[in-house]
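Let me begin by handing over the structure; questions about it come next.
All chains are identified by letter, namely A, B, C, D and E, in their written order; residue positions are counted from 1 within each chain.
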Amino acid sequence: MATTSDAANDTANEPYVLNIGPQHPSTHGVFRLRVVMDGEVIRDLDMIVGYLHRSMEKLAEERTYTQNIPFTDRADYLAAMSNNLGLCLAVERLAGVEVPERASYLRVIFAELQRIASHAMANGTLVSDAGAWQTPLLYMFREREKILDLFEMTCGARLTTNYMRIGGVAFDPPPEFWPALQELVDELPARIDEYASLVQDSEIFLARTRNVGVITAADAINGSLVGPALRGSGVPWDLRKAEPYCVYDRMEFEVPVGRHGDVYDRFMVRMEETRQSTAIIKQAMAQIPGGPHKTDIPLALRPPAGEVYGRVEGPRGELGFYLVSDGTPAPYRFHIRAPSLINLSLLREMAVGVSLPDAVVALGSLDIIVGDIDR
Amino acid sequence: MILEGLSVTLAHYLAVSGVIFGIGAVIALSKRNAVAVLMGIELMLNAVNLTLLAFSRFSSAFTQGGAQGGEPLSGHVFVVFVLTVAAAEAAVALAMAVLVYRHRETVDLDRINLLRG
Amino acid sequence: MSRAALPPATPMARQILDHRSLLQRARTLPGEARVALALLGIMTVAALAAVGYLVIAGTLDGRWYDIRDLGNGTSHLVYWMERQGWHPAIPYLTTGLLGGLGILSLVGGWLVIGSWVERRLLAKFQIRQGPNRNGPFGLLQPIADALKLIQKEALIPIGADRLLYYLPPVLIFIPAMLGWAPVPWAARMSYVDMNVGVVYAIAISSLGVLAVFLAGWSSNNHYALLGAMRTVAMMVSYEIPISMTLLSVVVLTGSLQLSQIVAWQQQYHVWLIIVLPLAAFTFLFASTAEINRTPNDIGEAESEIVAGFHTEYSGMKAGLFLAVELGNAILVGAMMATFFLGGYTLFGLETWIPGYLILATKIGAVYFVFVWLRGTLPRFRLDQLMGFAWKFLIPLAIVQLLVVAVEALVIEQSGLPGVATVSGAILVNALLTFFGVRAWANAIGYRPEAGASTPILTTAVGGLRAAARLQAVP
Amino acid sequence: MESPGIILAFWVLSAITVAGCLLVMVARNLLHALVFLVLAFLGMAGLFVTLSADFIAVAQILIYAGSIAVLMVFAIMLTPLAVRDNANSLYVLPALAAGLGMAAIIGFVAVSTPWAELQGDALKHNDPVTTVAAIGDLLLGRYVLPFEVASILLFFALLGAIVLVRERRNDGDPS
Amino acid sequence: MAARLGAALPGAVTRATDEWVEVVPERVQEALRWLRDSEEFDAAQLSDLTAVDRHTHFEVVYHLQSLDLNHQVVVKAIVGDHEAPALPSAYPVYKGALLQEREVYDLMGIRFADHPDLRRLFLWEGFPGHPLRKDFLGIGGGQTSGLRRFPNEDRADPDRQMNRDNLTSQEMPREAGGHGSEHVASGGH
């Protein structure tokens, strides 16, 4: 509430500390913000994570490379496919494994499906954070459900897919998969438009997200932001374009870039990315060749000693795997560059001095996944 | 009926009003907290309101429509003014309490002795 | 595999029609039961037809057993008691108790049905099923909820102020019930048709503030206190536009009595929402703030402060808060219907249909709007809401009041026919609403955010320099 | 005023009001005191109803229980470090003496004065009268000058309160 | 690249391969700043910061990314002291190092000088050891990972105002306003 800026007063006033989390509707997991409030305005903010820490990087040092793939499912549990892909690409580069072309196309299809599913979740929860009582979220879940059905159809799991393998993918999709996928990509653009019409022109949503949580392009680069958070600030940086992996160099798509760097821009970038992803899937479906879906590799793959930093553009941005090999079947060092964690670097700058609802929306727009933060 | 013969007269209302006024005065005089003092003052004003309304109701002008020259509802109008003044006074007094707190970090009236230097 | 083909989202009405469980169950009944059910149905229809005929034929008009007006029954009861020579207190108390029971049971019943309606409707808005397990269409769900709430443990937070922690669930219930007193359910049918009905309604609604504050403060929880302070600030601010708009209504209709306001609308055959559209909007919007509903539910914004002032309440105490929230929505619906939607009248139809049914329908319509808003809109921020109240609604309400004062004078004293003057007032107010709102919004610096919000699409990649290049292109 | 309802109401409401006032005096917690104060205000509104002052009663609820109580809530919450207790100052005994003295004097005058000329047929007359219209006529007729003065007073009170508690604008960084 | 860096900052580069440059640990901040500001390298973003335990020493690895030029620069700093490793912080150059350095400190135990807020990130203050070190074989000190409370979590640094008032009750000191149950600790104080 109202205080003056006197030093005497500041020390005399008890800070009003609010613990947002670890169990809170807007932290999207067991994530905790300890916020010092002055009325509605945030004066200081501390982030407390680690409630979901499983020490994945330590555990990985005792397992073979293939055995580590399921860990990546559980790091960013809303983008398991992209995480699988990141690790597999890194290991393939380290060990020099060739990937069949069909597998590369399948990887692109699944990674893009995963991106749509993840963005649906991100945007849905962002609108929920802005106060819409779950309606937009459930609209987006409608499409996400279908994508998860496709995952289940292919690899038997909906969330922790464990689908990619070093040298390809685990299974070729069943024959029923392709018509279902065709149906999905045919209806997706209309569904995305429907969702957009529900939210993006809503005057209240604009009032809540315009000029909130603004990050300038320079700050975003310096603060190591990646993914939609970086692109929302106007920086056209997308690893699929910058260093194309798999077969992204054969796809035609565009990178959406925001204008102001606010919450609304990040929201809109995600919306546009789902449209682009649909286009990529369509192209991949048209181009996909036959052939094997996997190269055979030794059960205990022993990459030569050395190190590699492999990365992909996951739904939350640059997902890197820094692997150090000493020639044994298990990695000597296994480090995940988690976009959710590093995107939080600027949270304090975004949240201090604004009101609590704005901070909640800003946090929601960064699209954090606690499994990815804590690993 | 049990209540026969227990009719309520003007004196009853005045007595109740006197008691409330007295309690209000005690609160206003004895409390340390400025807000509590204000509560006492509001109670005293309320007691006065009760008196005014009682006189208005029990005066013969009330039912005879001012036949004897008095306005029947003047008491009510006075009460309206008292309400107005009370609201204004409460707003200003509470603003002052907040202000005093901001400068002196207390609303304890025993410690607010600016004039003592 | 089978899950791959989910049914597409269908419109709400279609989904309801597709819900065949009741009919399917009816088909499995034994033959006798089906015959009995059919007979029962035919008898009900016949009885309704007979009553309808009697009502239309006028043979039952004005008698105590006239179903159109429950108030007649009560007045006959009073006359009967007076004829017995009993003490006047007895009929007084009897009718008081009867009316109280009537309102309590009606509101209670509505709470039960309303929570089901809200959940079902929201589910339909959100392309899901909603409660459908308990009873037909999940109709018994509210009872199951209530049972669950009652048997939950009543937690008291450590450090809570016990007295003030126990009081608010009860305190907040009182104004929610008292508010029903002046509502006219039909001609000559309201609990207390007091002279100062409008002021009474405002005064009663202002009592809830304190209970909310005490609930938030006594819980010893920062979320609760924040929610309480937000709610208090918002309620206090929005009382002013509500009072202002109701003042316009009072000035136009010339009465503080709710039945007279309805009578005015009946007399001129026009609803006040048509005469005073701006006031009606202000009242609806401000009411959502008063009763903490979307888009103004910042007092219990679950994404920010969990549940606001009742975060720490559990069991039936929390249930009471939720019930009051719903009850307030219905009460506001009743006020809205009475002030702006013609109350129990429906352009002459109230002669044939009981007035309370018409009023109930209108309340249901307003409630539907509330649920609709909740299913659609995001939430404002506190400062935006406050700004909207103080910078926008209050000045416009004052202008509206001045205009209405002149119109009321013309309608009352010009001697022109009511059709002409009221039509003129409708025209003037519509113009005021349309142009006044736009002009004032422009004046305080509101610019609609149209266009320019879509992202830039590019195929180039790069960093800061590329970003500068992209932004430079218009 | 001999209708049993009114008599019963008077005694019950007086008891509530006086009890509320006493509890305000003895409550240890300022917010408890506030709750009892509201109780006293509501009881007072009930007493007003027994005096056929329906408009004033409703205004009492609106202004005292609704607005002034909320103002006090704000004042209490805006002074967080201030003691939230309702302690007595050193002057408790003189205050008690003064208050009791006042109550005694008023009570004595009230009971001992022969209010005969005021207790004519008027008191038997229990018909409720509509006071709103009459009050309005009086306010805009005979008492129009005080009415306007009151409105100016309110305006300046509003202005004064805002000016008093306006925060000094500290531009720059908010932390 | 090593040559250019060596020319700009004499004595900073110790070793260079095709893939990375090793710099003197004390001068790593300087080297990063030069790389960020140089027109030629334009290493605008710190995309990854991590460390590798080599039993005798630590390698701190910086992956720098130039977005405009679309190339990656890898810088390594070899920290010789395995017992109490320390290094200048990259935070003054890259804000993105804030949480990554905290993570490395938490899991590897490398202290970054002039980091504004060097606390453990995932584990609680007082957790015995740093788990990602190769010599970390289990939690010592009689503690288990299944602690009911996170000890000392809220008392990390008494100077920080935020920690000081964490568990005091709001404005009303009552009997259990202190650090009571988890309910109080997580219930919004």
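Simple rule for what comes next: a contact is a pair of C-beta atoms (placed from the backbone, for glycine too) under 8 Å apart; a residue touches a chain by one contact, two chains touch by 3 or more.
Note that the coordinates shown come from a computational prediction; the quantities given were computed from them, not determined experimentally.
Steps from subunit B to subunit D, minimised over paths through touching chains, total 1. Counted as hops between touching chains, the shortest connection from subunit B to subunit C is 2. Taking each chain's centre as the mean of its C-alpha atoms, the one that lies farthest from the centre of subunit A is B.
Taking the CA centroid of subunit C as reference, the farthest chain centroid is that of E. Judged by contacting C-beta pairs, the busier of the interfaces A-E and C-E is A-E.
Here the spacing of subunit A and subunit B, counted between their Cα centres, is 65 Å.
We define each chain's centre as the mean of its Cα atoms; on that basis subunit C and subunit E are separated by 55 Å. A straight line joining the Cα centres of subunit A and subunit C is 42 Å long. Computed from the mean C-alpha positions, the centre of subunit C lies at a distance of 32 Å from the centre of subunit D. Annotation for subunit B: residues touching 2 or more other chains are 1, 98, 105.
Residue positions of subunit D touching 2 or more other chains, listed in rising order: 4, 55, 59, 67, 74, 77-78, 80-81, 131, 165.
Contact with two or more other chains is made by residues 161, 222-223, 229, 306, 461-464, 466 of subunit C.
Contact residues on subunit A toward subunit C in their complex (touch as defined above): 1, 16-19, 24-26, 37, 40, 127-135, 138-139, 142, 145-146, 149-150, 152-153, 176, 180, 198, 200, 202-208, 210, 217-218, 221, 231, 233-238, 241-242, 253-259, 264-265, 268-269, 272, 355-358, 360, 364. The touching residues of subunit C, when paired with subunit D in their complex, are 89, 92, 161, 163-164, 167, 194-196, 199-200, 202-204, 206-207, 209-210, 213-214, 217, 229, 232, 236, 239, 256. Those residues of subunit E that touch subunit C in the shared complex are 42, 44-45, 66-68, 70, 169-170, 172, 174-177, 180-181, 183-184, 187-189. Those residues of subunit A lying in contact with subunit E across their complex are 14-19, 22-23, 34, 36, 44, 46, 48-50, 53, 55, 57-58, 219, 221-226, 235, 237, 242-243, 307, 309, 311, 318, 320, 322, 324, 332-333, 335, 337, 341-342, 344-346, 349, 374.
Chain contact summary for the complex, subunit C toward subunit A: residues 1, 3-6, 9, 122, 125-128, 222-223, 226, 229-230, 294-295, 297-298, 301-306, 374-384, 448-449, 452-464, 466-468, 470-471.
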